């Protein structure tokens, strides 16, 4: 049977609170960065705050909390951390590559080489606004 | 011709049988046969023959027999005669049915049957447009009349309490005094008058003359058209004798009498003349019946018989003329007497009977008519003009009879006949006419002896105690009727002589009125109403577009939900702002924005809308967690993922849409948008309102408590939701997986035939660019880009495969006690498969994984059903679950519920279905490559 | 004491995560490019998952763990599909 | 019998993490893990040769440390990004490792670390294109990747 | 436990379900085997439903309540077999045999998984007819709909796909309404079991009841969409006429499912008590609007398929009107009408395909347009000789005429008997001395007018098809295609001849429906099977 | 909480209704998805909104504190069926687009 939160030792509560706030704070900062950074390539760095130590903090908080409150070792949160760490890069990689492809296809100058000169620059990805990027 | 022999024998046999009934029906005797049919509603197969029915039956069977004999020679070898004779006999049966029905509903059954068979007979030569149109008109008019008659008879049943004819006939006073009398009368009259071609429904009869002549002789002179007046006689004891009867019947009769005769004079078609004459004579009978006097009824019955004999013979004669000369146009016919002396003579006698020449049967009934006309029945204008009208119509009748004979048989020999050498028909073809003409003569000369007893039998059965004294002698002294007859004969002759020149060349139909063709008007109205109006109305009150339909669904759904609340004055509880979790509120503020964003972006930014929709789904999922429903959250999440991939798979085949071209929005479109917006807003508010109302209502004593209490003790699971799904309400789940299965099959079947629109046929632009990039470079080959692109992701996605499988097993195993279960596990496993398709492409994945989705599906349903059926063998109903703890070595006590097996079935089906759908969609890209290749090959050939 | 600390921390964490989600949604709506929207969705997923974990801490129940695990393990599938669609115009080739 | 022992082991561990440790679950976990490994075998993935798998925790530790570091760095950049305090840029690094799994691990490490992102690997010239949020010292980045990560990975995936 | 025969109640659902699953194990190339299995299933269904009907109409005290999972009502799901559901089961089975046999000639081969979907459609229909649980009804409704989507799209082609899309969109919206309605009812009454709900209604306090009625209203819209009430019916003629012939043939029962449920629920829930007569006006006026619209459509239709589709609307409108009046005697007649019109329309849909096989669509439109604009074939040469119709055309013609007679309600087929039964109850001996009210007059007028419209349209169409275009090739019709049509028409004839017993059955049905107590008690008192020793199994749930 | 949920349901209903009345098939399918979210939440809410209660039977916790499981079971079924029908509608709209060449719900070519 689980203890209620009130019965938890204060040190544990403080530890949980600390990691919680660290984690969620990093997640928030990541989101802010995602909002504020000017180019797409910069923006993709920001959310990784949330996917790295953002998750780490909160998982630690959870592990501590449940280990203390249930009186046995709980660390299945580890799984979440592992999976997110392993899977998130896929999305980022694929998206960044897509952005690269498009910038090259459109001839937006400030991306590294391997431009495709045999094709005229054209609207390729029907979805977005060509003015920015 | 065997059919004609069969038909003749049948008719003759019926005639003999009917004749044999005679002793039973004399002196008011009635024969009854009762068979049950629909006794609850008073509809029985009751046959009833009294004197009147007997007389009429004899007429039907007798003339029927003669017509068969005549037709035997009339019909050509090339005609499909079996059809003809079977229709004819069927018609005869139906007609006899009308006459001897003892139940008025049964009568109406036969009534409509005669309409149907007459339709088939008129249209016998259906490659002839006139026959088709005539038949259709006859059916339409008489069919509608039949419906009216049915209503009238139903009303009679309401008044009397029975459809039994005997009961109705004795309830005359009740009926006439009832408030429903007038409607009943009107409807019955509509039936009778349409059938008997009475004004204003007369116009179908001339058009029915496109029928073969035997049909005209039988149906349109002797029998079917008599059904209407038969009905009037039949119901005479029950309905007549009121002002309404007098005016309605009388007016129709008198107008028909005069108009028919007048029109008849100006016809150029022999059969047209006879048809209008028939109309007129039926008007005469109707007029007689309107009078309400017993004597008039006697005259009416008598005239029915007389008219049948001479008119049938005249039709047959006309048929012979047509047959021999090839035309019925009186402008072309002339001086045929030299070729057809016998037929000519017979026709002359019959015409004389029609004109009311003394010593012939027509004269007798006409005298009776005149005698009644001069009497006063109900003091009114109608009453007072009747003698003059009668005389006038009679004069017309003399004129057209004279014309019939004179034009056809006398004068110079014909010059432009289609068949130049007419001659007398075969002996047997003429004999029916001879027989009928002899009858005219005998009745005309010795009426009291010949027809007298039979007429009396008929009259008694109709009038019963009211049977008047009447005399059937030729000579009643010089009286007003005789003078009227004389005037009519002389006047008619003079009229004919004065019109002769005009008639020889004039157009068909009477002057002025000729353009007023009832038929044309009818058809115009029919086309106008039944076609143009209907189409306009259908377009106005219906739609074939989707948007209005959905608008209706939404609007009616909204009204159905809120109108009851509004009408009953529902008041919701006060809105409570307390107890709102700020984080939850914040999440939903976000969710609401996402929903708006989705709606806003769905037109031009599909992908963005999809992304935002995913966001909304995520918020919904969080909500489920927040509100203590982790099962729902997991399921929602998994469904969300699969749905997103599905829609993405589909997005490739949708057209590109760019915001760039802003179309000018018309005012109507703007209005429509505004209306939709208003509807959306109103529905949203309404839904909020109801949701709030029901959520804040204290939870009733629901069945939920039972589930909570028994899930563990009886169902063996702690996850009550799952126990409900696989046990308490496992049957729902069984149905639900059936839905999923059938949808997957549909998707599969539909996609097998899928062919994308032309502009989606090409490779996506990205791929083209990337491929050409690869091909341009010597060091690269096509496909390198994508290979590099997916190099890292595919490694990770491949390694995730066993992990997700393990996770799926985990989700499945814990379902009964914890959130999870077969459905979630199934979806998880399909995502594992999906991921491999994503990572390596279809070819790669299918090289390695042989998934047989259909087998998974079949096995799933079978497992689930078999688990359910298993309970039978223990004497329990379907799906009764069974659980116990089993002791396993090493593992210990494990709960083992059959419900788990059921869940396994669910799992299997979900995997099969989801994979089938995904794979079917994914395969399109490969298929299109093939299609493209085929197209390319075709273009090269062409 | 512990209860107050935990309650406060959880509440603040939840609000911060909610704020992070809100910001991610703004990118989802504004773009400007599809890539930004998709990363927005991915961020939304991650933050939602974190939110669930904090919710679990707040309520003291482990029962919400699986939902979070599903998000963490399979949430990327949708975004991967979206990303691949962007790059190749086709999700499964 | 066991095509991927390490995988099987991991799956058993995962199973036990999910279900808690009981003898029953150990048995069940083994069954499930073996089944899942077989399923994996049917995909016929490129089989990584783990020469020095015991170095994995070392890699793990290094990465964890780096991530903490870069978390702070990136957070700082974001919070004062009103002034452009950083210098973003692209970076092409030639790679020596060929094993796909090893490349994948490297990609995951680099992308998971805030401040660097894996953009594109070219199998022809075996280079990788990275984007770095703060490219003040390009050489240091190269050094980190080549020596700190790639070397270790090449040792692990011999 | 009444032994194995008790399981017969669930057979109409299980047999097609299991068969559908089995069919999945056969390849598309093993079509003959699949067809035979499928056919066997429908024949079994006929036998089962005949047995159930006989049991139900027999004297013995058959326990018609089947407690699924051995959970007592209202906690588990119950199946309830009564006279009405037995009738609908039989009707479905008969139609399914006809449609399936028809499909074997060619239609089952034009797309994948025809037989599986067909069987699942039967699962849905039979489940919906049998279930005594509102949410379970939703589930089976969805099974039926899902299968009908697949079957409607069977054969593909632009027309079908467009019609299918509209059909699906509308029905998806309807499904959502269904869910809203059911959940509102659950939220206010706390139960999903129909009988339990009926029993609880009197005790529901007023504000709760208002919401419950709102739920019932929303639910009603979902059924009315299925039944095809104007203005929710526009999808119907399009969808039905676009469907392949055997599919349309079995679809004929689907609109009747909507009617069935409305009948069932109004009689059960709103027969008496505080909510008595709820929604009756909507049914009445909606029915009137529907029959008018259907009649207009029948007149306006060029294509036979649409004509048949609008006939469905006429039939629905008629039935809805009668339900709105809610008078026992009229309802018995209406039930007879339901059976008759379903058989007719089913036969007609299949016949249409045979008839139109020999024609090209353009000619039809032209012929009709010419007629509309006056001078239809007036200068066609007149010929005296008849034309011998090929035998095929004769049989088709006879069937067509029978359909026309049935649709317009002319004697001697069951169309007449059915209309007579209704009309007689309204204004004939069924209502002796009761003068027809204005409503009755409207009803009678509409019933008659719709018959006239059918008469006009059918003669127009028949003449056009059979008599005006003999140049058209004679359609190649297989025996197994015409036999099902004749079989259904024969059934209408049988219904006419056996009108007395049939009407007896309908009377009994309506009588038992109008006494909901019987139904409620049967469900509530149905006993679960007690445990036997040695096994700890589920046991009696106490009420 | 009820207020938040009710508002959310209303907004999603409104957006969904607006979308299903649009002429593009894609809008319709998105609208239907939104509507089914709304309806699922509605069904769920009907059982009463309970936050922070154990969703699973736990020894010692009185059953009456648990959330009503029936609506949850109904929502689960509804989610599954909604998923199935969404998939179907998607494929049908693809087929329609393939056959008519347009993504208009009535197969019309010109946007109006």
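Labels A, B, C, D, E and F are assigned to the chains in the order they are written; within every chain, residues are numbered from 1.
One rule holds in what follows: a contact is a pair of C-beta atoms (placed from the backbone, for glycine too) under 8 Å apart; a residue touches a chain by one contact, two chains touch by 3 or more.
Protein identities per chain, from UniProt: F = Multicomponent Na+:H+ antiporter, MnhC subunit.
Since we're looking at a predicted model, the values are computed, not measured.
Note on connectivity: the fewest steps through touching chains from subunit C to subunit F is 1.
In terms of Cα centroid distance from the overall Cα mean, chain E ranks first. Contact counts per chain pair peak at B-E. Farthest chain from subunit C, judged by C-alpha centroids: B.
On a Cα centroid basis, the chain most remote from subunit E in this structure is D. We define each chain's centre as the mean of its Cα atoms; on that basis subunit A and subunit E are separated by 56 Å. Work out the mean CA point of subunit B and of subunit D, and you get 73 Å between them. With centres taken as mean Cα positions, subunit C sits 59 Å from subunit B. Subunit A and subunit C, compared by their mean Cα positions, are separated by 9 Å.
Shared contact sites, meaning residues of subunit F that touch two or more other chains, fall at 20, 25, 28, 42, 46-47, 52, 54-56, 70, 77, 81, 84-85, 88, 92-93, 95, 99-100, 105-106. In subunit A, 30, 32, 44, 51, 76, 79, 83, 86-90, 92-94, 96-97, 101, 114, 125, 127-128 are the positions where the chain touches two or more neighbouring chains simultaneously.
Among the residues of subunit D, those touching two or more other chains are numbered 14, 18, 107-108, 118, 120, 122. Screening every pair of chains for touch gives A-B, A-C, A-D, B-C, B-D, B-E, B-F, C-F, E-F.
Subunit A meets subunit C in the complex at residues 2, 4-10, 12-14, 16-18, 20-21, 23-25, 27-28, 30-32, 34-35, 40, 43-44, 47, 50-51, 54-55, 58-59, 61-62, 65-66, 69-70, 74, 76-77, 79-81, 83-84, 87-88, 90-92, 94-99, 101-102, 125, 127-129, 131-133. Taken in their complex, subunit A has these residues touching subunit B: 83, 86-87, 89-90, 93-94, 97, 101, 105, 114, 116, 118-119, 122-128. Only residues 135, 139, 142, 146, 149, 153, 156-158, 161-162, 164-166, 168-169, 172-173, 175-176, 179-180, 182-184, 186-187, 192 of subunit E touch subunit F when the two sit together in their complex.
Remark: subunit D residues 14, 17-18, 67-68, 71, 74-75, 77-79, 81, 88, 90, 92, 107-108, 111-120, 122, 129, 131, 133 touch subunit A in the complex. By the touch criterion stated above, subunit D contacts subunit B in their complex at residues 4, 7, 11, 14-15, 18-19, 22-25, 27-28, 32-33, 35-37, 39-40, 42-46, 100-101, 103-104, 107-108, 118, 120-125.
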